[in-house]
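Shown next, in structure tokens, is the structure this report addresses.
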Amino acid sequence: MSLEHANLLHIAIVGVISVTILITILSARGGRDLYIRRIPGLSAIDEAVGRATEMGRPMLFSTGLSSIDINTLQALVIAQHVARLAARYGNRLIVPVVDPVVFAIAEQLVREAYAVEGKPDAFRSEDVRFLSDQQFAYAAGVMGLINREKVASTFFFGYFYAESLLLSETGQEVGAIQIAGTPATTQVPFFLASCDYTIIGDEYYAASAYLTREPTLLGSLVGQDIGKGLLLLLVVAGTLTAVPGTPLHFVNQWLARWLFGG
Amino acid sequence: MRTRKWTIVVTIYVMGGLIGAVAWWALVQALSPIFRPVEGGAFYGAVSASVLLWAAVMYLLHRLPASVKKRVVVFMTFVAGLFYTLEFYLPEKSAIFFWRPSHTNPFTPMLDPVGAATSVIFGFTFFLGAFSLSLVHGKHIAARRPGYYNSIAFFVAFAAMAAFGLWQAYAPKAILVHDHWGLRNLSVRQVYDYLFISTYVPLGAALFSVLAFYMATAAFRAFRVRSAEAGFMMVAAFICMLGQVPLGMWVTHHLPMTGPLSHLRTEAIANWILGVFSMAGLRAVGFGILVGGLAMSLRLWLNLERGAFFEQEL
Amino acid sequence: MGRDSQFWSRRVIWLALAIATAAFLLVKVKAVMYVSKPARDIYDAIEAVPASKLIVISCSWAPGTIGENGPQTEALIRHCFKAGKRFAIFGFVDPAGPGLGQAIAERCQAQYGRRYGRDWVNWGFNIGGIPMIRGWAKNIPGTIKRDIFRKPITSRPVMAGIKTVRDIGLVIEITPSLSLQTWVDFIYGIYRTPIAYACTGVMGPEAFPFYDAHQIVGVLKGLAGAAEYEQLMGYEGDALKRMPAQSSAHAVVIALIVLGNILYLRARRRGEAPERRLGGS
């Protein structure tokens, strides 16, 4: 089975999940009331911003190490939410970035957040800065910023690698309240150890729905859950029929031969 | 009523996307003569003409009303996503491509030029980063803020690395100092090696090694056995840590390498935990992340994303 | 714990770890590693590459991870030299990677009587990411064009007969990131070219889903993986020399966890244990 072009299995799985998501989005837009459970990390963003304002110290938001992709776009959605809160409470938000494209978007986002809250003069252009595209140069820069500025709250949202513990431990040292969210599963234990709140796995992609409560995004979340349920059923069905001697084992063998040629 | 409205919207999107894709394909076919490689003066002429054309297009786009700009962005996003979707989901060869000589997918040959064009566009952002850094550090120096000497060091390091990096790439044998200040035949390449191999490389490695110390303090401070599950996790973590190093292997070295008892060796248990339990957990989380990524990609492609900059006027 | 006690306890922990690690770097202790199946599988995969095919060593690492990826690269390059396998150093993620690989190969080649251009080549850093890799798979000389010394790669004897990815016997991705996904998606997924993965220790668990699904032939996890490979090769390189220090560091971390829990239990019994803020979900 070559992955150069889709085969029937690809089309079936992606098609079914995509259609499910679109149907649930339409259903949510039609006025259906959808429940989303509490995600402590996202609920704590307001608390973190408030605490920083009380202490009179700035905040720091890191968008991770990836270039402009869906992880960074999601991080920027959360960054703008935090920036608007910062502007509302009259606080500074420092946003160091690792990519020039992300820098351009982040600067515009934060500037507009301050403008929307009626405080365009409070925005400082040097608070959104490109540090380096090298992993540890960026980490060193962020660690230095955290220490020098004595930030009261740090937000780590995006795709991180080994520098995650460097950043979060530095924030821990200065006594900052820390909220982290990353789809990088290998970095989650480090954030769990050092941060006050950590968002795990696909809760990261639920952040925009959680913060905005937009029907479209909530509907998409429900569609995602249904999609995951379908995949789970597929895994269970595949596992059960893979056992020789079971009634549907021949189906499994035929599918495997047809799809994978062996 | 609402269903009818959505049917119309979806139909317009799909038809618009298909028409856009076909129009683009036709444009590429018509303009294919200008995509042939050129050299010498023609190359520089082509580059200059491209830059001017791009600047003109950007200026025209900038002059458009905000609502039109947003529609242009939405349309371009949809067409770009549709291109990759059609290229992947349509088969490599099929009778539906009846107009093609060997009935091959018409989008596949376009993958390479489209990818190259994307790389070129991203290349324009290179100077943004350097500009931002220069602005920030320049302001520090101008205002003589505390620690402004670090900003001077940034400019010196930036200039030195750029200068010697480019110099040694194009003239590696050039000699900087022949016989002066106690230096004999100091080449540009040697200076570059001092800067990169002897300075930059150890600095990066030193910062990575700081991770070990931070890990130790995080472990001491945060790893608490507050429940039975945490206890199990702690035991698994100890076995995995010991199973990677000679110390752990020595603990069970008296057990045989083969046979049933070999499964009780530290490294065997560690690899079993990593290869079975940890892998299953990673796969499960991976499924969730991938479905979440698919949903977000779908929303971005179809302009369904809401909140933040997605609803702002341009 | 008060702020001052936290300040000093950190420094004491760091000092203890530094002494425990440095002691075993200064005092020579012979380390014996038992080789795991994922590491042995890479060894076997290299041995199985026929003479007509090239091995690609993709150095997607930066100077920061030289401590782990450096010994891995050296062990793999030494194996290729020893076994007489043609290989090319390549980079598409970090510009520094191929240069670091070049320095390692130049240091080792004389010992095995190998020469640049005849036995190995360095394709340098190539921009373009996924589109470049896809184009590379269909036409290697057309995509790479020049080596790290700016000579046409077709002028290098080692490149004889190497036209497409079908002439590549094995790709070894050495990286601290998940750039492996690009190779699995676009090279293994389409052409079934064998892929091996050498990663930093923290990325090790991420490799197992690919290894279990047979999408990669083997894994070297961090410095321990490099040490296992040196053990297989029968030489004591940097990785084996540093393993006693790593053992000592792991022992210190385990001792700190145990100590931390003892102090926590004591404080809880006395009613002094601080309420930990909500973390995670």
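All chains are identified by letter, namely A, B and C, in their written order; residue positions are counted from 1 within each chain.
Operating definition for what follows: a contact is a pair of C-beta atoms (placed from the backbone, for glycine too) under 8 Å apart; a residue touches a chain by one contact, two chains touch by 3 or more.
Remember, it's a predicted structure, so these values are computed and weren't measured experimentally.
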So, comparing each chain's Cα centre against the centre of all protein Cα atoms, which one is closest? B
Which chain is most remote from chain B in terms of Cα centres? C
Expressed in whole Å, how far the mean CA point of chain A lies from that of chain C is 28
Find the geometric centre of each of chain A and chain B from their Cα atoms only, then give the gap between the two centres in Å, rounded to an integer. 16
Intercentroid distance (Cα basis), chain C paired with chain B, Å: 20
Could you pull out the residues of chain C that touch at least 2 other chains? 10, 62, 64-65, 205-206
At which residue positions does chain A touch at least two other chains? 4, 134, 136, 162, 185, 192, 200
Hunt down the residues of chain B that sit against at least two other chains at once, touch-wise. 203-204, 207-208, 215, 217, 219, 221, 223, 282, 286
Spell out the part of chain A that touches chain B in their complex, as residue ranges. 4-6, 10-11, 14, 17-18, 21-22, 25-26, 30, 67, 70, 73-74, 76-77, 80-81, 99-101, 103-105, 108-109, 112, 125-126, 129-131, 133-134, 136-137, 139-140, 148, 162-163, 165-166, 169, 172, 183, 185, 190, 192-194, 200-202, 204-206, 208, 211-212, 214, 216-217, 220-221, 223-224, 227-228, 231
For the complex, which residues does chain C have touching chain A? 3, 10, 62, 64-65, 176-177, 185-186, 189-191, 200, 202-203, 205-206, 277-281
Contacting residues of chain B [partner chain A, same complex]: 2, 6, 88-92, 105, 122, 125-129, 132-133, 135-136, 139, 147, 203-204, 207-208, 210-211, 214-215, 217-219, 221-223, 282, 285-289, 291-300, 302, 304-310, 312
In the complex, chain A residues that touch chain C: 2-4, 39-41, 44, 134-136, 161-162, 173, 175, 185-187, 192, 195-200, 203
Which stretch or stretches of chain C touch chain B in the complex? 9-10, 13-14, 17-18, 21, 31-34, 36-38, 62-67, 96, 99-100, 103, 127-132, 134-135, 201, 204-206, 208-209, 211-212, 221-222, 224, 243-244, 246-254, 256-257, 259-261, 264, 276
